[in-house]
Amino acid sequence: MSSSKSSGASDHTVVTEGVISPATWNLVESKFSDFARETLTKLIRFVHDECMPAEELYHAQVGIGADRWTTIPPIIEELKTRAKALGLWNLFLSKAHYPKHGVPLTNLEYGIMAEVMGRAGHFASEATNCAAPDTGNMEVLAKYGNEEQQKTWLLPLLNGEIRSAFAMTERYVASSDATNIRTDIRQEGNDIVINGHKWWISGAGDPRCAVHLLMGKSDAKNENRYAQQSMVIIPANTPGVKVVRPMQVFGYDDAPEGHCEVLYENVRVPLKNLILGWGRGFEIIQGRLGPGRIHHCMRSIGAAERALELMLRRVTDPRKKTFGKQLSEHGTIVADIARSRMEIDGARLLVLSAANMIDSVGAKGALRDIAYAKVVVPNMALGVVDRSMQAHGAEGICQDIPLASAYAQLRTLRYADGPDEVHIQQQGKIELRRAPALWKRQKELEARTAKLFEKSGTPRPHL
Amino acid sequence: MSSSKSSGASDHTVVTEGVISPATWNLVESKFSDFARETLTKLIRFVHDECMPAEELYHAQVGIGADRWTTIPPIIEELKTRAKALGLWNLFLSKAHYPKHGVPLTNLEYGIMAEVMGRAGHFASEATNCAAPDTGNMEVLAKYGNEEQQKTWLLPLLNGEIRSAFAMTERYVASSDATNIRTDIRQEGNDIVINGHKWWISGAGDPRCAVHLLMGKSDAKNENRYAQQSMVIIPANTPGVKVVRPMQVFGYDDAPEGHCEVLYENVRVPLKNLILGWGRGFEIIQGRLGPGRIHHCMRSIGAAERALELMLRRVTDPRKKTFGKQLSEHGTIVADIARSRMEIDGARLLVLSAANMIDSVGAKGALRDIAYAKVVVPNMALGVVDRSMQAHGAEGICQDIPLASAYAQLRTLRYADGPDEVHIQQQGKIELRRAPALWKRQKELEARTAKLFEKSGTPRPHL
Amino acid sequence: MSSSKSSGASDHTVVTEGVISPATWNLVESKFSDFARETLTKLIRFVHDECMPAEELYHAQVGIGADRWTTIPPIIEELKTRAKALGLWNLFLSKAHYPKHGVPLTNLEYGIMAEVMGRAGHFASEATNCAAPDTGNMEVLAKYGNEEQQKTWLLPLLNGEIRSAFAMTERYVASSDATNIRTDIRQEGNDIVINGHKWWISGAGDPRCAVHLLMGKSDAKNENRYAQQSMVIIPANTPGVKVVRPMQVFGYDDAPEGHCEVLYENVRVPLKNLILGWGRGFEIIQGRLGPGRIHHCMRSIGAAERALELMLRRVTDPRKKTFGKQLSEHGTIVADIARSRMEIDGARLLVLSAANMIDSVGAKGALRDIAYAKVVVPNMALGVVDRSMQAHGAEGICQDIPLASAYAQLRTLRYADGPDEVHIQQQGKIELRRAPALWKRQKELEARTAKLFEKSGTPRPHL
Amino acid sequence: MSSSKSSGASDHTVVTEGVISPATWNLVESKFSDFARETLTKLIRFVHDECMPAEELYHAQVGIGADRWTTIPPIIEELKTRAKALGLWNLFLSKAHYPKHGVPLTNLEYGIMAEVMGRAGHFASEATNCAAPDTGNMEVLAKYGNEEQQKTWLLPLLNGEIRSAFAMTERYVASSDATNIRTDIRQEGNDIVINGHKWWISGAGDPRCAVHLLMGKSDAKNENRYAQQSMVIIPANTPGVKVVRPMQVFGYDDAPEGHCEVLYENVRVPLKNLILGWGRGFEIIQGRLGPGRIHHCMRSIGAAERALELMLRRVTDPRKKTFGKQLSEHGTIVADIARSRMEIDGARLLVLSAANMIDSVGAKGALRDIAYAKVVVPNMALGVVDRSMQAHGAEGICQDIPLASAYAQLRTLRYADGPDEVHIQQQGKIELRRAPALWKRQKELEARTAKLFEKSGTPRPHL
């Protein structure tokens, strides 16, 4: 076992009890630095003791009226202050890739932390400044932004003073294939002029949203389809930026952030707002993909764990007997619980192995593993949440228990960043590339078999 | 083939094209009366040509503001007038059971019609006065109400002038087991006084909701647990009736009807508002179950058919190519379509056989078949809707396409009226009752086998 | 209800008790002739009382030694005599299509009978001369054979005096696409000379097998790929016909029939052994498909019903308690039973609707429904048999209980006559043909919606 | 990354290419000793280059005649000699637990090796003297046998000179609950006399089988149900040991080992053949369980990997085009491949985490993880093998391709050592033990929430 165990077996218990299965922890523990262990311990306490008890207050402060689009719930700002003080801040930004602003955590280490955050829905991620789409935007600015862009936009984002939107998905086209994007970006003198129709722009409804990073076509006729796009920084209050309406996810509008339909009508920004250079938009978004998917997966596993915990509570609730029996005494309920446990543990290992692969060989070498994790986890988590909802009956699908909202959120992950079907086809084709080597091996094997028969003198049956 | 075919093969096409599979229609057609055939033809046209084009307007008239709880969308009232004129009114109420007010349709016949209505969600059912919870309430009043109760409440309901609520489910207890109900009903002089805490009271938020039928305990200490309950008619505007809040199904509040949390605080109604008599509540709700479940199932099949049609449209949308290929060219999409088709057709046959069984031997003799239909159909429909959502990507889960809302609605059917798990256990145990007969048959078989061996002279192998 | 009911409600019970669900019977009963009802009643008794008790003796008479390839178990011949006497003979051959030799049963009627036979595996089918491949071969000879061919081969087959093989599948090619067939058929003077390498030729190992119907290419270069094949009658004892080995299905060799690898080396038969004419082989096999698939499906449903009955017996066996509990007291076992029941009933209805469709509009018009039945049923039956095996533990997979052998047999149906995947793709594509009509309807609907908004004055929301 | 990488990155490639996914290897590599790495490399070569090419010869040498029960195929003995020379011998026996005879491999390390062996079915395990039931018997003798017992039976087993059987399962009772065992063991003077009826005694048919370890009741009336059993060593040639017949798994009899029905009729052995002492049988079998299940799981994963490789070959076979398309061009085939890959990788990680847990805290502390692995893996592997069979068509279920035999073997693992259902119920109940702690946490959380509302002044909504 790892040397870190010897320095304090009791720590071990503190860190992981009721959080990840001992077998998984045993497998990965030796890869955790002391810093990561300490941070994880603090984070678990912060999420369980401070974030989760505050969820109801958060929703009460948002309210259900029309003003929830202009409200900043005070509790979230208080928690942000607290997280910063505890050193639980910007944990997503890896020092290895972002030496200036990053935190010394590997993808494996942060993965476990993302799971812990995922137990409190979107809430703990926001409290620790680890919430999408800000995370991806900060990565883009940290990696590709110039000094002025970083000073103006990255620093306030890193400080949690402003929020941001990422404007990519377009209405009326299949923009999951980025080459289908139609938003027009053109230079006019020292200005950039943008015209486009986007939707599902997360965070665009938030009163704190100060900036959009927008992807569009600056050179639609370029023969190289991957050089047609550029990315531009648009202050949210620029004239011509019109938030049309919030899109709903299964009836939820997720105020105050929202996932908005946004029109960009003759939006004009200075040339210095171009990121990296003309035609480099595709290159920028490629860099966003790998680790972010792992984080999504781990948060989803956190959501699944919480759903299972809610189920365990519900089926043992003494008030909920029917026909003289508690739900936990029904064999099919027990089987659903065991199945959920198995599926969560298996899926987590798959994601952690992908996270570790990124740490070992980089995101490019881990694409296969990331893709599998991306397909497996949301499907698994949806199943677990569905069983928990079912055990809860009517209460399970309403606003009083965070299951239906988790389901809705998880459901989007089956098509966001490419639908399951596309990833499965891609990976199946990659697996098929092994065929020539297998045929070769088979030929060798057949030659050896022929020789063995010859040597043995055993007659070979008619095949 | 049925004689009705000879009278006009072209009718056949009119009636069912694109509505139910020819093989199913061929199987059941001979059981359709001329009246049912004509009504079905009219209904298909009404739903396709008048209801479905009006859905968007309905939602626009409801709006998204706070006043949607006080709004009666004019379009629904116009459609009701129109349906009444067409003779497409109260089709759910079977003349066989309710000779005074009913319509001459069997459960099988109305089943197909319920499917047609189900294509337009809740909307066509309401337009034809065939929407829950009014349907169940009308059945109760028609079957158990006295003349005065019928005059005061049944007639305006039959005319679609008022709407109603059914107050049964309670907060904090597992009220799917009706013996757990805690709402207190007691007589004080010539009054009945009600105190209770209900939720998920559908329709209670509607400005047209004029009356609640409430289930509670009037004799909680009666040794016969099925004689403890009574049912009382409560005018919606009685002092003490407090609508606390609408419950959400996923994120939908289904305004203006709503599924409401309702407090009954010292609600006082005259003694004549008691239905059937003291202690007969259980008897009344038992009568509500059978056919209503079939109708729910058939509407769900309609929802599944619509989801499949939306999918067929979406995957052939020329604007939605990704990487140069239309979705309909992907093998897994094609397989999903075929699977959906198979599953819908199989489930429909199961429901129709149950409906026909009710027509043949009554609801009690069809309980097994109703239970199976109730379990199979929502699960099937959820699968079909989910595949359609997946093919739609982000658009599939938002307010622009009626898929996520259908999913949310269908999801409730997996626990409403008893969760899947309970029905499955009950039916499994009923199937197990065959075991003694099977053991007996096995004994006989073994005796015959022994005799055959003896007669044949073949030595019997060691077993 | 049907008039036949009035003539004797008790008959009803006799006919179907414990055989098909009352709800299904109620739905189809009116389509049964008196002859079919009587025949069904007799058949049920024959299968339950005479065939099933004889199974063990049959296997004992076949034995496990090498001589089982030359043994004709006397019991099967006795049962054939008995079935003939009872009028339970050649029931598969529909009088509607084969007036000279056929029996007046529709596909729907015979479908139910095939299910009854399927309860006793291959055994009852053989006893009633309704076993493949003889059935298909008799259909071919009855439909396409000339008088001499019928006299020489059809009559003894109809009498159950000889058995036959159908030689189509070839080794080393994907012969499920019949155009891939490579067996060479050529005319030499007044002879036909055949050279080919077939396998999976069912029945070729049987000592009673007197004739092969062989499919091969007589005109491989014909531009019309469907005119390259011819079908030839080959007496089994013709020189050059070499049965190489029996193929195993999950370890079973199904002696004495066998599924054999067969070489045809310069096999020479007279020209009169050509069926229908040169180049008409494809036409002949096309005619074999529809009803035969329905019969396979119904026999598979019979196998599933028997598996469920075995499960019901096993889980109530008092000797099989573990940890103080009988298997039937475990919730998941009960759920497995209920699920099996639901799935069987749903699948049966699907097949019966397809059978009825063939009766109504012919096999060609029912292709869609036949294809769905062919995909749904074996998968369903495999699931039911697997659950029953699981409840039996080790006993469930061995030679003492006919479950593993049923599983092996059913498993072949998922690829025989075209794999599931091919049927699913074909049907999905056929379903997709509805898309243009749906687009058209959608356009009309949108026009109506626009008009409704205009008329109502309600402002249309930004969509 | 691990330091061992630095010593030779190229080794890495040699060891794992095409064997386990790089992501998994990266995760566990640091836990592999140099010895384990070398042994694994040698083993992969031995299995691929020597065992797999010899499989066909092995089966040819066994043959299909009656003498296959008396034949020892020379090739297996040659491979055993070779494996011994290579140091690939008795790898299953962990030095940590069996210092005298064991090999210095952890469960994690040997787990990966068991997977490699599993690619060649039972064959490579036997060649390396790592085949059940000998492995379990050697563990019993090494742990509980006295010096004389070890000398007489353990040493020849460790040398691969004899083979053995484990006689536990009984006919007519549910012996998966060991307290149901009925075989009688009694002392008569200095002898032990055994009477019992066992079946599924693997290896009892083998001419090399020299000894049975038998479990029976020596004290059936002991109040402590776990002290009723004893274990006795019975030389296979003792009078009264009657091998009745081989049981078939599906249609396989697995000659020459066999899984036999065995009668013990007044079998008499000397008292010194008692293992450990009277009444200690239960204690002995308890010690057999943990690691053995892990090995079974890993061999099953090897079987799944091989099935996937066969599928990759088959679907790219140029001779197998249908309708002009190769199987690998069909979207659903590609999806099946990707799904198989995902499922294998996820399941392997689950088993490895359990193996590592045994290494860390012992088998007792890893029971949960072992149970999950035992349920997940066979179900996963059956699915993968089934897809591969389906892609192969008829060839996939016959004796020419090792898929149907693998399926049959894997199917037994779903009930052997306790059926899935029992493990799932046990683990579900164990998971439910978390409920009290969750309720406690929930109470604390609610108290914190109340305090937060109070402090914030936000009014708390009616809940």
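When the chains are written out, they are named A, B, C and D in that same order, and each has its own residue count from 1.
Heads up, the rule we're going with is that contacts are C-beta pairs under 8 Å (C-beta built on N, C-alpha and C of every residue); 3 or more make two chains touch, one makes a residue touch a chain.
What you are looking at is a predicted structure, and each value in this text was computed from that prediction instead of being measured.
For the pairs B-D and B-C, the count of C-beta pairs in contact is higher at B-C. Using the mean of the Cα atoms as each chain's centre, the chain most removed from subunit B is D.
In whole angstrom, the spacing between the mean C-alpha positions of subunit A and subunit B is 38.
In whole angstrom, the spacing between the mean C-alpha positions of subunit B and subunit D is 50.
Between subunit B and subunit C the centroid-to-centroid distance comes to 37 Å (mean Cα coordinates, whole Å).
Shared interface positions of subunit B, i.e. residues touching 2 or more other chains, are given as 330-335, 421, 424-425, 461.
On the subunit B side of its complex with subunit D, the touching residues are 244-245, 261, 330-335, 461-462.
For subunit B in complex with subunit A, the residues that touch the partner chain are 65-66, 169, 172-174, 176-177, 180, 199-200, 247-253, 319-323, 330, 332-333, 389-390, 393-394, 396-399, 404-405, 407-408, 411-412, 414-416, 419-422, 424-425. Partner subunit C is touched in their complex by these residues of subunit B: 1, 18, 21-24, 26-28, 30-31, 48-49, 52-54, 56-57, 60-61, 74-75, 308-309, 312-313, 315-316, 328, 331, 333-339, 341-342, 345-347, 349-350, 352-354, 356-357, 360-361, 365-366, 368-369, 372, 375-376, 400, 421, 423-425, 427-429, 431-432, 434-435, 437-439, 441-442, 445-446, 448-449, 452-453, 456, 458-461, 463.
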